[in-house]
Amino acid sequence: MNKKRNSLLTIASIVALFLFLWYASAHFNKYSIRILNDIAIFMMLAVSYNLINGVTGQFSLEPNGFTAIGAYVSSLLTLTAAQKHAMFIIVPMIHPLDTLHLPFLAALIVGGLVTALVGFILAFPVFRVRGDYLAIVTLGFGLVIRVFSNNAISVTNGPLGLKGIGAYTNLWWSWGWAVFSLIVIMRLVNSGYGRAMKAIRDDEDAAIAMGINSFKIKMIAFVTSAFFEGVAGGLLAHLITTISPTLFTFFLTFNLLIIIVVGGLGSMTGTVIATVMVVWGSELLRVVDQPMHLFSFTIPGVPGMRMILFSVLLIVIMLFAREGIMGQKEFSWNGFLNFLRHRKQK
Amino acid sequence: MRFFGRLMFVLTVLLFAGLASSSSFAKAVKVGVVLPMTGPIASFGQSDWKGIKIAASLKPTVLNGRKLKLILLDNKGDKVETANAVSRLIFKNKVSAVIGAVASGNTLSGAPIAEKAHVPMVTPASTNPLVTKGKKFISRVCFIDPFQGKVAAKYVYNNLHARTAAVIVDMAQDYSVGLARFFIKAFKKMGGKIVGNTFIQTGDQDFSAQIAVVKAHHPDVIYMPTYYQELALFARQARQFGLKQTIMAGDGASEEALIKVGGKAVEGLSFTNHFDPKAAVTPLGKKFVKLYRAKYHEDPSAMAALGADAYFVVANAINRAGSTNRIKINKAIRATKGFKGVTGIITLVNGDPVKSAVIQKVKDGKFVYVTTVNP
Amino acid sequence: MSILKCDNLIMQFGGLTAVNHFSFEIKAGAIKGLIGPNGAGKTTVFNMITGNYKPTSGRVLFFNEEITGLKPHKIVSRGMARTFQNIRLFTNLSVLENVMVGFHHKIKYKLYETVLRLPRFGAEEEKMRQMCISLLDRVGLKDKINLKANELPYGEQRKVEIARALATGPKLLLLDEPAAGMNPQETTDLMYFISEIRDKFDLTVLLIEHDMKFVMGLCENVTVLDHGEKIAEGKPADVQKDKRVITAYLGESYA
Amino acid sequence: MNFSEVIQQLVNGISLGSLYGLVAIGYTMVYGVLRLINFAHGDIMMVGTYMAFFGVSAFLLPWWASFIFAMVLAALLGVVIDKVAYKPLRSASRISSLITAIGVSFLLENLFLVLFGGVPKAFPIPKLFAGSLNIGGVILPFVSIFAPVLGIVFLLILLQLLHHTKYGMAMRALSLDIETTRIMGVNVDAVISLVFAIGSALAAAGGILWSLKYPSINPLMGILPGLKAFAAAVLGGIGDVTGAAIGGFIIGVSEILIVAIFPELAGYKDAFAFLLLILVLLFKPTGIMGKDLGGRF
């Protein structure tokens, strides 16, 4: 009875979301639409990142690397042979990549699959080590990818990057993928696999002693997360239409880390709320970079203040509100309806 | 949930603060500025901004006394942030024109937005040919990579009489890769030979291995189109290890820090540049340099001068357009002809300036003017 | 018939020999104790049996098949389960979820069935849930299934840990100091509980314990370990009288 | 390459490696005691270098005084960071303090970027360090001699401290078990502060030597050396002070040699330390000096 009601409510809210997007795409200005696109892409990245960090408890720092792979692969596939020929001015592109051409959706999926494959290979050295080493190895992986994209010129065009990528990403693509990835990952979390992931997070030795193949479970989380991060990278590339190695610095990972910490490590719905807050909030916070006129005072703007505030925010949350918005809990319709009823009684 | 409530409160306060700040300037003409003020290339954005601020104090109003209000947004040297900032300026702040960004890659992520929205965008320092190629609303005030590479090759071949050159490229900068490519092309065409082609990455500090490579080939000259930090450190180590050849560089060398860090090792280093503060040819340039020195106690870098020129070109165009209409302003920008800017006399053709380059050289711990190369 | 057989196990860490030439076997259906003073190597023996350590040499046979060096999760699926000295529950999961983790290796639904929520997923999850609830019912925790594991009192946490081990469907259950940290009443309860589940679930039990009363009251057979070597084996009452055992526990002067 | 060139590159590598080593020691000490990757360590190195820079150029101190001043300030900074950002999280999961460490790192970088700008500053080089020797075609800059010598001196002093003083004993005890050590009556917090102080002071020393060799300093200068120093610490077996120094030398020397032997791979230089790290973790997860069991240090 409740189950049926809840899935109806979920479907209704997804429909409502897409009605809103339909309205937004017709009436919002391009800036707001761009921010909505950013939110969707970062949501996808953050939710996937939280699967490995928050749910499985494997603290890793690789999303910038995965995003880069997805972005490069899918962009190289949607660019036409003529475009690639004109762009690769230092060294011509290696065959057969130079003539391969795929439609957008196929390119995104291939981008995701290649990223997943890299994740699969990376998992072998990465999951031999536990805990802290993982963080540093995955951080190093992001760096290696960046060095590679600067130097493997016949594949990536080096520091010149790729330009003139088709602006295919729109609200439907970005939110479609965001909702899809959220559903897939939530379903994964709410299953035996998800339970095993959480068990590994809480106590890996005990999980192994209960018959869990911890390597395989971590692998599932890692590869799933890599796939969606790769697709998100592709969406990002087709949103901003130009990519180069500087786009995928550790800074990207830092942003995602803030999002999942604010939302609550391990909480997918928390991550969704936090993405909206952080992406939108970071645009709102631009005011601190500029002179402010509060009543009759003028506070001189300090460009760069925003970044300082974000760093402080991260530390303060960890020190005083470690649970973030949702802790490890998830939003549930039951909880929400109870909350409403409770409010009404008051 | 308590935490959430508190955070929302803070955000709401900030939102109102933002509204308060944006509503108090109704009559000003708004021009957006997108620069990297934080992040890995912050130093360039900060230099540009210094120049723009001096320029704004020289010419604070347009259209007979309306204040020209600059809205600076930080792009952190990041493409996503640049795209966001440019669309924010255009669609939210409704600016009449955009100045920015610095790195060509960043400018290219904002350019399609401005192009589509028919908003003029003037970049002070993006030298990649692709930035303006095929665009109607994107212009710049700096010369482009092919020109600069060619000028360097000419100078090295004709004035330094070099016949062999080693080229050191910063593989993390499209700027460096571009310059090197056009230098090599021009140098070979003149009959020169490239011996030893080696690579560095931005942020590298140890160049002993690259020095060994260069040393082994005994070139007449070293062409190293990278930014000043790597140049200065390279020069120090090169001299220490007995490499005596002249180093030729691009406009990335133009920053006081090159001499401060490089010390004696950069003596004799020559480079192509946009302007020379001591040989400022225009009255505006002279005024700018004087004011800049008074405020910052140092000579303006090329970045600062280009920032100022971007400002002046936009302000001048607004006056000529006689309105805040973006399309009219863009027409005026693109029709800039013989404008006496800080870095010289600027004429824009399809958004790219036709202007001369100067060769500068480090002598006795100072940048000195060597010659001017006309296009 | 012997369910588990250890044959000449040696475990060395660096230069240190933790267990030396250790052999023993357990009969099906028995409750066997492994005792010895602190640092005698009892937990090391456990870890070699469960696959956490790969012995330096020697063999472990389970149902007459060699399992030496197999990964722990593989050994679990052959019907062996364990608990830990200091209770190690998944603290952020509910009691029910903790037990369901024990079922993990029997899950048959595939990844795509999970993502697509195909019928087999729902059916199996529901079946597993019912089995876990009835298992928790049998250990007397039915009304606490939705509590978080770390919200239970100590004694009940131990029961959850045992229930979780039972969920893996073991033939052999290894308990590492199950009575540690319990008061006399809880200890007595646990004794009954263990012999009860042995009968109910048709188990063989191997346990490490310090509490002599517990061992004497529960075990049919004990093995005594000292400095990594087996020094005695037999009925509790006999072992208790063994001179070497007394020396090991109380020192030379008491012998 | 002829013989003198090989020697030349080795010298270059050793002097670079000793800098990595000095920074790596701080990483390894903090990790050994708290099992915490102090992501801010590279930034402490940056702050220390800036302090030395201001000591000389703003306060006009003699260079040796400003170097000591910088090391003391860095030590203080290390202790303060620990007290404010890490100590409240000792009982929380290790992920929490890792995230805070990343936050501290970003805070220091951006704070300095806003305060002092991104344009690099020229680090003043005292006369003593400026020259170089030429021995049979091999050029030995004084800094390249000082760096490894000072590195080894610091290492020896540290080893002496660890193995022959009661503080050292306490540190080694802490690395085995914090709670037990506390019960034994050791003032655990004081010892942890001492670890941060020593590690941070060494990072500052490393940063200063670094800047004497490469005299251009900027707020982001600590990132890459910090990362590579960490790789060095893991390579040497994390928690082991001597191992960290050796790891530093290995990374420094191999970075230089790889580029010297294969100039076309110069672009991949920064990736190399991490590829090496991944390989080591694949085949010997405990690092070169790491032991299977037992204590650290």
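Residue numbering begins at 1 within each chain, and the chains themselves are lettered A, B, C and D in the order written.
Here is the rule we use: contacts are C-beta pairs under 8 Å (C-beta built on N, C-alpha and C of every residue); 3 or more make two chains touch, one makes a residue touch a chain.
Fair warning: this is a prediction, and the values are worked out from it, not measured in the lab.
Chemist: Given the touch definition stated above, what is the smallest step count connecting subunit A to subunit D?
Modeler: Minimum step count, subunit A to subunit D: 1.
Chemist: Between B-D and A-B, which chain pair is linked by more C-beta pairs in contact?
Modeler: A-B
Chemist: Can you identify the chain nearest the overall CA centroid, using each chain's own CA centroid?
Modeler: Answer by centroid distance: A.
Chemist: Averaging each chain's C-alpha atoms to get its centre, pick out the one most distant from subunit D.
Modeler: C
Chemist: How many angstrom lie between the CA centroids of subunit C and subunit D, rounded to a whole number?
Modeler: The mean C-alpha positions of subunit C and subunit D differ by 46 Å.
Chemist: Could you put a whole-Å number on the gap between the CA centroids of subunit B and subunit C?
Modeler: Distance between chain centres: 70 Å.
Chemist: Could you work out how far the Cα centre of subunit B sits from that of subunit D, in whole Å?
Modeler: 35
Chemist: Distance from the CA centroid of subunit A to that of subunit B, rounded to the nearest Å?
Modeler: Each chain reduced to its C-alpha mean, subunit A and subunit B end up 33 Å apart.
Chemist: Going through subunit D residue by residue, note those that touch at least 2 other chains and give them in order.
Modeler: Residue numbers touching two or more other chains: 110, 113-114, 267, 270.
Chemist: Check each residue of subunit A and list the ones that touch at least two other chains.
Modeler: Residues 147, 150-151, 303-304, 307.
Chemist: In the complex formed with subunit B, which residues of subunit D make contact?
Modeler: Listed in rising order, the residues are 1, 5, 8-9, 12, 16, 110, 113-114, 117-123, 132, 139, 141, 210, 213-216, 218, 220, 224, 255-256, 259-260, 263-264, 266-267, 269-270.
Chemist: Which residues, counting only subunit D, touch subunit A once they are in their complex?
Modeler: Residues in contact with subunit A: 31, 35-37, 85, 88-89, 92, 94-100, 102-104, 106-107, 110-111, 113-114, 227, 230-231, 234, 267-268, 270-271, 273-275, 277-279, 281-282, 285.
Chemist: Using the touch definition up top, name the residues of subunit B that touch subunit D in the complex.
Modeler: Answer in residue numbers: 38, 40-47, 171, 198-201, 203-206, 208-210, 212-213, 228-229, 232-233, 236, 240-242, 255, 257, 260-261, 263.
Chemist: Show which residues of subunit C lie in contact with subunit A when the two form their complex.
Modeler: 50, 52, 71-73, 76-77, 81-82, 84, 88-93, 97-98, 100-105, 107, 109, 111, 114-115, 117, 121, 125, 128, 164-165, 167-168
Chemist: Which bits of subunit B are touching subunit A when the two form their complex?
Modeler: The touching residues are 1, 3-4, 7, 11, 14-15, 17-18, 20-21, 24, 37-40, 42, 49, 71-74, 76-80, 83-84, 87-88, 90-92, 103, 105, 108-109, 112-113, 117, 128, 130, 170-174, 176-178, 181, 199, 201.
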